[in-house]
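Lettered A, B, C and D in written order, each chain numbered from 1.
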Amino acid sequence: MARVVVDVMPKEEILDPQGQAVANALPRQGFEGVSHVRQGKHFELEVADDVDDDTLERIAENFLANPVIEDWSVRRVES
Amino acid sequence: MTETTHDTVTSPERVDSTEYAARTPELAQPYRELGLAEDEYQRIRRILGRRPTEAELAMYSVMWSEHCSYKSSKVHLRYFGETTTEEMRARMLAGIGENAGVIDIGDGWAVTFKVESHNHPSYVEPHQGAATGVGGIVRDIMAMGARPVAVADPLRFGPAEAADTARVLPGVVEGIGGYGNCLGLPNIGGEVVFDESYARNPLVNAMCVGVLKSDELQLAHASGTGNKIVLFGARTGLDGIGGVSVLASESFSGDETGSGRKKLPSVQVGDPFTEKVLIECCLELYRSGLVVGVQDLGGAGLSCATSELASAGDGGMWIDLDAVPLRAEGMTPAEILSSESQERMCAVVRPCDVEAFMEVCRKWDVTATVIGEVTDDENLRVDWRGERVVDVPPRTVADEGPVYQRPVRRPAEQDRLVADDPGTLARPGDAGELRETLLRMAASPNLCSREWVTSQYDHYVRGNTVLAQPSDGGVLRIDEQSGRGIAVATDCNARYTRLDPYQGARLALAEAYRNVSVTGSKPVAVTNCLNFGSAEDPGVMWQFQQAVRGLADGAAELGIPVTGGNVSFYNQTGGDPILPTPVVGVLGVIDDVARRIPTGIGAAPGEALLLLGETHDEFGGSEWSRVVHGHLGGTPPRVDLSREKLLGEILALGARDGLVSAAHDLSEGGLAQGLVEMALIGETGARVVLPEDADPFVWLFSESAGRAVVSVPRGEELRFTELCSARGLPCTKIGVVDTESRSLDIQGVGELPLTELRRAWEGTLPALFG
Amino acid sequence: MSAAGASIGVITFPGSLDDGDARRAVRRAGATPVALWHADADLHGVDAVIVPGGFSYGDYLRCGAIAKFAPVMTEVLRAAEHGMPVLGVCNGFQVLCEAGLLPGALTRNAGLHYVCRDQWLRAENTTSTWTTRYEPGAELLIPVKHGEGRYVAEESTLDELEGEGRVLFRYVEDNPNGSSRDIAGVTDARGRVAGLMPHPEHAIDPLTGPTDDGLGMFLSALDTLVPA
Amino acid sequence: MARVVVDVMPKEEILDPQGQAVANALPRQGFEGVSHVRQGKHFELEVADDVDDDTLERIAENFLANPVIEDWSVRRVES
């Protein structure tokens, strides 16, 4: 069993209303100094040891992310 | 890396100014990549007396696109104007040519409504494409000075079982719901139709309805020298400028990875919260009298808003692009002008009102910036970093684009299609086969319950929805005191239109009209969204021309005006166009919404079920021929609009006098389907007996137009049938409502328990889409 | 009758949607609705507060997460402490949970779709400020419309709620969102602060809603505010 | 400027229908070997250098996560 983390983020040039909402709300709560927030998704997968990187990449691209508007990164973590 | 045959000019070091353009006439420009034809480009050069700057080229290319300029449809659309009489115009406060048509509905109220297509973007990115389609049409309605009060969504998808439909449909529904629900606009109607021809070209049409006091109309024009141009709402980013990115030099926009902006998706992401706040902000600005003119930013962004405002006004306009609040770094003038960032509006404001305007925007936390002013000369001028990048006569951009008389030819295969009569198809013979056919049809994707879709839409918000899904027409209360309200319905049977585009458009109109009528409302106006294949295909242009004529002639026969519409060409995959799909929306008025007629039966025991209208053996383009035989051929049902009008009048009288407790129009699937729906929606059984001499198959499944089933309280049966016979509307008693029974019992077919019908009708979409 | 003396505030956040409907319901119940603005730290002397449905601030982070910090909410928290009746409907329920006035949290519907439909509920607690007009066990038909209405809390919290009779309503027949123990609404320990996902303000008139079963909630509160 | 990543995940005992939907869909699309998926949120913040760890922790706990249902982790990344 391996643990895999996939982070999916809206592409830089794409509007990110969620991140924007967070960034706007922070100063109202007295938190200064946060200039930019982007919000995306974080997936944690448990995968069998024979699942190779290529498969993981395809899972991320086809399922976890929407390549039209999102970027993603896949990494294995020791568990 | 793409091959560039043109020179790029704008870079961090150099601006393609009008002055530079005048000095470099020979510079090659990528007009073809921007979708302009050679002669169109030459015409721009003639207008300006020089080559256009990159910013000007971007502006002309988007504004002269089919979508913005209507260059292929204009010559046909004129027919709407030509067939609209003064009498039809009487209630119309704004018509074709404005952002949306406006109709006076009495008591000082006016209603505006319009449909827009967002077909292609919804195929590329279903969720965001559909969401921003809703956002766009809502801003159109706001630009009339109205409060948006409802949306509806006519949709077309590829085959229900196709894998790609499982990608597109749920995304589209989520997008429409996600955006509309968050705006607080009840969704009160629409369509879901499946057909092979939409497989790689779904149709996502969105309708919005708005309400205003009849003296509050806002028109989009920029007048009054010295008045300020204010851009407000979201910041401007690199959204939807995929096409224009050919203008950006690599050095200017390329990022570290060297991919540059050429890979920019032409997808926009919607931010419904920003739009919701923008709506409230706009309405407060209107109420406070702080706006001289207003325009929404939709396709073609600032290019469109500025040139249209200036073109409709009495002076020129000056814009300072450096003032535009940006979301991305290093945007070029062409990009800023073409950006399709959502949730933005543009207003013309008197200088003395600017501070008050800004105050309202601050209250709503809406970014607002003065970006220019109305000038006393003729031209639209745009400056960037101290240099003039645009200097054009605005009318040449907005109104005087190219106009084409495209070749029109009735396709040779049309005769073969019409000759392929469904009369030869095998029909169900005995009761068992009829029963099986009925159940199979009720479960078929085009006839089954739409609940899987509509339960994802809020239809309660704002507390004025009197009828919504499942109901033939959506009905909204407008005035809480008087109960005055409106009804809307959209319809189109594209199979009929394929067989006969002229009659098909009239049938779409007839059905939408009837759907409004069965709610007890009086139809008063028409809008449309004409979805067709390539304008360069003479066969498609024939379909288009015929459909426009059919719709215009039909509206004239009914005496209600076409107040506006939308054209979407190039809906095709390779050489195969979609079925011609002229979606027709009809608006109706009802004096007191408490009198509206619902669809479901069961108000009281023993009510009579009456079939209004005549049933003929008509199966061309029918749902039966599709579901059972996969067949499309013959001629569509005949349409008699004077009969539709009569039916409408009788229903309105019946509603007013309480003679009708339920009504449902008959269309796809015929009487059988109509009865199934009335029973299931009302959760009440009925016993149906067809006339002695009736061919049960024809009576149950024919799609003859001009028909409805009504449920009439016992004590009113005589009065109602006499009303029909006095006015010459055929009326046949076909059964009684049975509040005790839990089944639909049709003589000659057998008993159909409601549970079995419900399983068939409601199971299909959840099984397909989860 | 004559509760016209009572005034009930309805908060409007940017993105609130059912605020107008809540005001209409208050009016229909016979009280005076008062519009409260999110940015005003002022309750304008109202006798009770409704936090309405909608998507406050877009609900982009988490439903209700941003609204709980609005200036008006500071006042609501203070007033609630002193016993002022507060009702949160849908997004308002989410806000009250986020703000800690009610236990638990509302999460994404188990079916992953937004659901708008008429829903049967059973009245479980009929002693809270907002539910005295209902008979114990009464079944009501009231619309639900939400994408994140699945009520969750620690098992111990759920047990406590059950034990103290603080479950206001439960879904009957078909749970629309997968809520723990079919919970549709809960109240605080004193029975003053209540929250629920269904929309009683959309069931005050059979013309525009499925029933008028929701009116009882507003009438209940008025009974307390203006003792007969 | 520092870059900070906050990951927010539904607590183990809380049902995660989104993660489950992904896990169920994968085998149907021919991806075997993924036994468990959980879906959460991933935030990327740009913060001024004087924002300390304690503040970041409070931002995560009071705002980005709802401690009733979610766990979170904060980490600074070099940018």
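Please note the rule applied: a residue touches a chain if its C-beta (ideal position, glycine included) is under 8 Å from a C-beta of that chain, and two chains touch if they have at least 3 such contacts.
Protein identities per chain, from UniProt: A, D = Phosphoribosylformylglycinamidine synthase subunit PurS.
All values derive from a computational prediction rather than experimental measurement.
**Q** Report the chain whose mean Cα position is at the greatest distance from that of chain B.
**A** D
**Q** When the contacting C-beta pairs are counted for B-C and for C-D, which pair yields the higher total?
**A** Output for the comparison: B-C.
**Q** In angstrom, rounded to a whole number, how far apart do the mean CA points of chain B and chain C lie?
**A** Those two chain centres are 36 Å apart.
**Q** Averaging only over C-alpha atoms, locate the centres of chain A and chain D and give their separation in whole Å.
**A** Centre separation, chain A to chain D: 9 Å.
**Q** Distance between chain B and chain D based on Cα centroids, please, to the nearest Å.
**A** Distance between chain centres, rounded to whole Å: 40 Å.
**Q** For chain C and chain D, what's the span in angstrom between their mean Cα positions?
**A** The mean C-alpha positions of chain C and chain D differ by 30 Å.
**Q** What are the residue numbers in chain B that touch two or more other chains?
**A** 271, 273-274
**Q** Counting only residues that touch at least two other chains, what does the list for chain C look like?
**A** 57-58, 60-61
**Q** What parts of chain D, by residue number, touch at least two of the other chains?
**A** Those would be 63-64.
**Q** Determine the shape of the graph in which chains are vertices and touching pairs are edges (line, ring, star, complete, other).
**A** other
**Q** Which positions of chain A touch chain C when the two form their complex?
**A** 17-18, 20-22, 25, 28-29, 39
**Q** Using the touch definition up top, name the residues of chain B that touch chain C in the complex.
**A** Going by the criterion above, the answer is residues 174, 177-178, 181-182, 184, 271-274, 276-277, 280, 364-365, 454-466, 477, 593-594.
**Q** How about chain A: which of its residues touch chain B in the complex?
**A** The contact residues of chain A facing chain B are 10-11, 13-17, 20-21, 66, 68-69.
**Q** Which residues, counting only chain C, touch chain B once they are in their complex?
**A** It comes out as residues 14-15, 17-18, 20-21, 24, 53-55, 57-60, 113-117, 143, 145, 147, 199, 201-202, 207-209.
**Q** Under the stated contact criterion, what part of chain D meets chain A in this complex?
**A** Chain D reaches chain A through residues 1, 7-9, 19, 22, 25-26, 29, 31-48, 50-51, 55, 58-59, 62-64.
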